[in-house]
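Chains: A, B, C, D and E, in written order; residue numbering restarts at 1 for each.
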Amino acid sequence: MTGAELWTTAAVFGPLLASLVALGGRPAALKAGLLLGSVTTLAGSLGLWLQVLQHGPVRHLLGGWGAPLGIELWADGFSVVMLAVTALVGAAVSLYSLSYFGDLSTLDAETSPAGRAARYFVPLWLLLWSALNGIYLSADLFNLYVTLEILGLAAAALVTLAVTPRATVAGMRYLIVSLVGSMLFLLGVALLYTEFGTLALEELSAAAPGGPMAATSLALMTVGMAAKTALFPLHAWLPPAHAGAPAPASALLSAVVVKGSFFILVRLWFAVYGGGSEAGLVLMGGLGAAAILWGSVLALRQRSLKRVIAYSTVAQLGYMFVMFPLLAPEGLGGPDPRWSDDAWIGGILLAVSHALAKASMFMAAGNMSYAVARDGLRDISGVAHRLPMSFLAFGLGGLSLAGLPPSAGFVGKWLLLREALSAGGWFWVAIITVGGLLTIAYVLKVLRHALDREASDGDFRPVPRRMEWAALLLALASASLGVRATEVFQVLLQGGVQPWT
Amino acid sequence: MEGLLSVLLVLTWSFPLFVALLWTSARLRGAGLQLAPFAALPGLLLALLAGGLPAPPEVGAPMTEVTLPLLFTGVDLVLDGTGRSFLLFTSILWLAGGLFARAYHATDVRRGRFFLFFSLTLAGNLGLIVAGDMLAFYLFFALMTFAAYGLVVHAASTEALRAGKVYIVMAIVGEVLLLAGLFSLGGTFGGNPAFGAQLESTWVDLAAGEGPTFGGAAVALLLASGLGVKAGLIPLHLWLPLAHPVAPTAASALLSGAMIKAGLLGWMRVLPAETPLPEASTVLLVTGALAALYGVVAGILQDDPKTVLAYSSVSQMGYMAMGTGLLVAHPELAPWAGVALMLYAVHHGIAKGALFLSVGLADRVPRGDGDRARWWILGGTTLPALALAGLPLTSGALAKNTLKEGLGEMGGTTYSVLEVYLPLAALGTTLLMARFLATLWRRREAADPGTRAFLPFSYGTGTLVAPWAALVLLGAGGMAWLPISVDVPANVALPGPGAEVLVGLLPVLVGAAVGWVVWSRSRDPDRRGLLPEGLAGARVPAGDLLVPVEAVLRWLPLPNQEEWVESLERRGRRGRARMRLAARQLDRLAARDVETVNGTLLGVILVALGAGLVLLLMG
Amino acid sequence: MDVTPLLAWDALPLAVVLSSFVPGVMIMFLKEEQARLRNSLNMAGAVAKVALVGLMLQGVAGGASYEWALEVVPGLSLTLRGDALALLFVTLSAVLWLVTTLYAIAYLEGSANRTRFFAFFSLCVTATTGLAMAGDLFTFVFFYEALTWATYPLVVHKGTPEAIRAGRTYLYYTLGAGAILVVGAVWFQVEAGTVQFAAGGVVDATAVASGPITWAFIFAFLLIGMGVKSALFPIHGWLPTAMVAPAPVSALLHAVAVVKAGAFGITRLLHSLFGIEVAWEMGAAVAVAALAAFTIVYASVRALSQDDLKKVLAFSTVSQLSYIALGVALLDPLAHVGGLIHLVHQGIMKITLFFCAGLIAQTLGVKKISDMGGVARRMPLTMAAFTVGAVGMIGLPPVAGFISKWYLGLGALGAGQPWVIGVLLASSLLNAAYFLPILRTAYFDDPDPSWARGAEGPRPRLEADWRLVLPAVTTAVFSLAAGLLAASSWSPLGWAILIIEQGVL
Amino acid sequence: MTDVVTTGLLLDGLIALLLAGLAFRLLRTRDLFEAIMLFVAYGLTLALAWIRVGAPDIALAEAALGAGVTGALFLNAWHRLAVRAGSDDRLPMEADP
Amino acid sequence: MTSLDLYVWAGVVVFLLALHAVVTRAHLLWKVLAINLMGTGVFLILLAAPARRDPMVADPLPQGMVLTGIVVAVAATALALGMALRVMARTGSPFLTVDPETEEPDPDAPEPPR
């Protein structure tokens, strides 16, 4: 087995195996599953990272069969970065979930709701992890469809682990949106296959899809993925679902699950379709801009902690779509459009930064509501003085989101701005800037309540240290990534925007 | 000897500073209190020792010099002839004042604070005399000015605080004007010119219009008026008549005797000696002449002896302003005018000091001791008063005659005018002195709150009387020592003691006669008012011009800043309220986010897509 | 110890930055009760920083220059450069950080959340030293924005509604302008092709002439970004509000870090990016000068009507800061000297004033000027220090403030802008008008009888905790010394002249 | 041949129409049980269609999974709903709100 | 018009009808039904449309995909029905609405006017 094969196998099948282990249901099985999943994905992503950095994109034919029937795994810089971020977030969330549901060794899975939640959470999460890694490493459309479907089902199930009616409804709505999205995607796949007779991304890319059928299929897949990514105006399912889920699930959903469909979108638009059409890119950017504004404004108006963060996800996802028009600053004319490295690195850095920061913020928020047993902004008054580490984590996460140094968000925004300014795209400049300010405003709103000392005399339930550390470590990673963004830069250039040309 | 002088040159101002520094430590404060009255001794010593030196080869050349290159922007300390004269009488005055104050404030609970500011002011006053460059002068000048505030408001009464306010406001205005002038000089020179040749060449450039700001005359007027606040030049004298009566007696003596001379010294130092500036000269001459006369008129209409003396200072400084005016316009007059000005300064400083101390002494005459003591005081006081009036054979006459001598050299219209003006002014001074003696006689009670506690005359005699007597004697016997105290250049011959005795005697006699007539015809049972019937009700309020100025300021509708800010904030609140309203509407919209967007929008998008799909498939 | 090898160590700037960063991060993970360890870490960091800065000073005075860079993404790197100009600011913040740390330890004794406070306190200084030594605009903006958020927890430290409001105002202003700064910086990079700082600027005069409007906008964006921290007129509002923070924070805000970062930024903008000649040709420098001049007068007028001592000091800061901008915007080396030395002078004088205000508030509970009657009798050392600061602010000799004013004035005349003299003098007048009444009240009014020392318990030897008094007196002595010994080569003035001579401005 | 082709086309048209009609009916009806029954019927029709397009193995899977298992799942859900609806009249079985 | 075209058309019609129903029918079970129908619509297209190019050769890839798709659809249906039943159990309603009577106080309720 070559290195690449080993690492890809570890990344995809490690968590799957772990999920099976965790199905055992006993605390030891849950712990073993989490450990196995974290270790295999961390090792797999690190190994692949080095591999890709040194040798460029790598491929792995599962079982030795080639297309069309064999399953091919394929990794370039983009895959590896997403894989690594997911591994980081996943490891932290795994650590977090060890304590979130209570002491696993004393939990009675049969009678206590927390025990039941824990028993479902761990295998579901590991399954989800495997699916996500599968998405990042998929080389063909059908594979993407299957992993996407698993991802959607597991994610929706995670939301419903929270027992409140609100969360249940939100989870159901999420499931429906997700299934409809998958159907749209599958329809698009069908059309593509009809037209080109292949599903392998590389071959499709070589065919340079064009014409009405290809356009329709791209439109269908885009709508489907946009619904799953909660791109404005298809975002409405997200806030109740992400806010309603248990904290570790919220962290996963907001940080990495939406990135799965985002990953597919980027692959489709740029790797397969060579950028699609200019108007289409601007439309995506415009939707992203609208998402930034609308999500931020609504985040500002929320009165519960997790809702603020959930709406913030809507807004931050907008940034990743603002990347779309900036990627091709000189238009798509000609066979080989000049892709902008600035926009590419900047956009992906923002995605990475958002993933780390959002996970830490949801975990920190989980700690705060864990301590006060409530979730309203007014209920967490004074929590900064009781949970300084969680508060710090939230603050650091917030500053990453807002794109303040030393976070990767700062470097990412700098690069995006540089591209926008070089291209004279003042609209994008304004959106990026205003979005950052609105981010500050809603993060500040939470900090303000947390800092309020006058009302800090309620009952506090002690928060396990492990949960605080998980949030803080991730926040620190997100806040300090900017200093070493060059690592991400190097690996992202392996393959780049359009890896098959 | 040279080394000793250098050390003294530094000690002159640093010793008082050191004494002041002791105040910051609670333990050493007592020692500081003991040392403060003698803090002027190094200065006096320096002046006396330098007097014994052989005269320097040329006028204005330094007798001794120290450069402290690290200090400030590099400080030159210089003692030249002018400086020695000023240092001499100034340190004498400070010594006398300090000793007087030590006794006078013996039971004052705030005497610690008094001597703190006393030492600081002293450091500034002596420092500016030995300052050899522009910025060093300004440094000490500012120190003196601001520290003296503490002396003015020492009593902390309402009047004292008002006087202090006026004093400090005018002082700051003066500082600003002075600094503006210094900037112009510095900007022309490109740094900080030393007094003497460097400054003179700066003036040459300025007068030639090469300065970055104004012409020479304007700069000279800026400097003159900035220093003129200290010198009590009309109309910048407003603080003088307010501050003198309320300040402790010793402080008044120092303010009037020593500190206002700093203004004069400043004029002599910074204004050009060889570059004629006719416009500036005219202004100085006219305001000086006005001040000389106005001081007399306003002074006669006062009741408080210290206020009378204050106006007398205004009047006397008017003479010195005239002298300076001549100096600025007529470089050829420089030696004469310079000598005359210095004589004036020394003479007036000592005499005025003596007069002020008299008031303080009179305050402390115990009631039981009656009139005999008062007669003694009055008798002693008359001597410096007469000297001030210019009685022949006194220091005043010497100063006046020297000035005339110089003017005679010059001739011309100015001389003719002055020939008439000066005797008239002398007459006025005599009348003012008469009025002062009368008000002093009437004064019965201590004016200084906080020192009302009865002091046995016997206790205070030694310490209170000794400095007073010393100053009286020095003031009266000035003729004997005054010429030695001033370096007289070879081309200037001081007039002898007998010169113009008759001319000089006349105004004094006339003044005394008028005083006698008014005295004897007064309807006042005490016959002590010494004010003609017609003027009995007329009074100039102390601080004269200030009264209308204050009225105007009160009347001016100055914009109320707080109201303005308030209105801005009101507007901000209204804006915020509007924003809240908009936000609530947004909330309503957002509450429908889920249903609205999910249902309608999703439906529309999907149906549109489906329709497009069908069309494509058909095609 | 032989320090020669250290003197040639290129990573000295990084060591200076880390000397506060490392303790700061360590403190973040300490428990609230570990006060001794926390204080030791803090003081060790502060002393180490001063020592390292001392080394660099020695090196730079001998003509050396330090540069350290870390690539962030290709084309953008964090560059730290220790040259004479950077060291002017670094020395100021290192020294003042040391005294402020001592002060803060005593000031906050026994209060809550000290771990957070001191951690961010260290981070603040880290950011400040970082931006002081920034070798390019990217690094500058990096630390500049970091400074903003690092200060926020300090401003809201008290956790009162008022403090939280002030924190919000602070962030809205600074981050709002920070966003504009980032756009300006990126735009600058796009147009100029570089973000390097270089003496005399990196902007080509002919490029400016061909696209004057673009460059005017870039300048305006950058100026707004820098101007908000240096509290230029329309964007100064956060500073008086932020005075609700504890006294050591105010000291940090007003003297050591935040506002200085802005003023230093304006210096960099005018000299290292555009170059002062180009800035004058564009008309940008004169705009800065005019804005600064207006701010000087306007803020002083606002200070006149305040009764809260710290608020007066805050408005005074707004006014005094613009001296720096004014000085560096004029086209004359003497004016640059004036502006640069005021960077230091304002710092040491204002920190003295805030120390004293904090001392008085802490010891006597007095915060309003109208309640300050007779404070001088109860706290003579404090008021002596305060007097030095106030006199310096007015610009009276021999305190440092006069030296600044003198060089500014001479420079203004040299640059052919005599109107500046009027502004300086008006400012002096106004400063006197609001500082002198404070002194009068403190020295000449009668004290509150309840203040008598030892009213409860034994009479302490000193008027207050020595760790509070010592910093105030120290900085007061600095203020005096910076004026009295201005002509020495190690004074701020001497160093500023070295900066001009070495041509690093 | 033509007949075969025509017959085949007719059959395919019938199946296609049936698919569309069943789908339309089951999505429009207000009766849940009827809808589920229609869905099972739809599934079986679909299996026919799979045979017609030449995928008999899929037809098998469709009949077993698509119609059989899914239908059973729906019936189970309907049953539970009906049981609850009997005790709780707030559970509508038919109408949209 | 071949028979394959007919199936493609049937797939399109079913897909669109089902899509419409997913959006417009509020009842969860109908939504799940509709999603199933959407899937079958896609399967029809997937099998029939590519085959139009060369009806004689059976293409194994779409068949494999549809087979997998059916399995996935069953799994999804099972999960969806389970969740729908949970929704009904927890909210007492088969619709995607939250009944205010059973819901805990809304943390997002507007603050009372001051």
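Things worth noting here:
Simple rule for what comes next: a contact is a pair of C-beta atoms (placed from the backbone, for glycine too) under 8 Å apart; a residue touches a chain by one contact, two chains touch by 3 or more.
As the structure is a computational prediction, the values presented were derived from the model and not from experiment.
Chains that touch both subunit A and subunit C are the following: B. Drop subunit E from the picture and the touching chains left over make up A, B, C | D. Compared with subunit A, the chain whose C-alpha mean position is the greatest distance off is B. Distances between chain centres, each the mean of the C-alpha atoms, put B farthest from subunit D.
Averaging the CA coordinates per chain and comparing them to the mean over all protein CA atoms picks out C as nearest. More inter-chain C-beta contacts link the pair A-E than the other of A-E and A-B. Chain geometry summary: the mean Cα position of subunit A and that of subunit D are 37 Å apart.
Centroid to centroid, with C-alpha atoms defining each point, subunit D and subunit E lie 13 Å apart. Mean C-alpha positions place subunit C and subunit D at a centre distance of 77 Å. We define each chain's centre as the mean of its Cα atoms; on that basis subunit C and subunit E are separated by 64 Å. In subunit B, the residues touching two or more other chains are 587, 602, 606, 613. Looking at the complex, you find that subunit B touches subunit C at residues 23-24, 26, 69-74, 113, 135, 138-139, 142-143, 146, 149-150, 153, 156, 161, 164, 168, 172-173, 175-176, 179-180, 183-184, 186-188, 190-191, 212-213, 561-562.
Taken together, the subunit A residues at the contact with subunit C in this complex read 345, 382, 384-385, 388, 392, 395, 399, 402, 404-406, 410-411, 413-415, 417-418, 421-422, 429, 433, 436-437, 440-441, 444, 447-448, 451-454, 456, 482-486, 489.
Of all the residues in subunit A, the ones that touch subunit B in their complex are 173, 184, 187, 212-213, 216, 219-220, 223, 227, 233-237, 239-240, 297-298, 301. Subunit E makes touch with subunit D in their complex at residues 1-4, 6-7, 9-10, 13-14, 17-18, 20-21, 25-27, 29-30, 32-34, 36-37, 40, 44, 47-48, 51, 58, 63, 66-67, 70-71, 73-74, 77-78, 81, 84-85, 88-89, 92-95, 97.
Of all residues in subunit B, only 583, 586-587, 590, 593-594, 596-598, 601-602, 605-606, 609, 612-613, 616, 619 touch subunit A in the complex they form.
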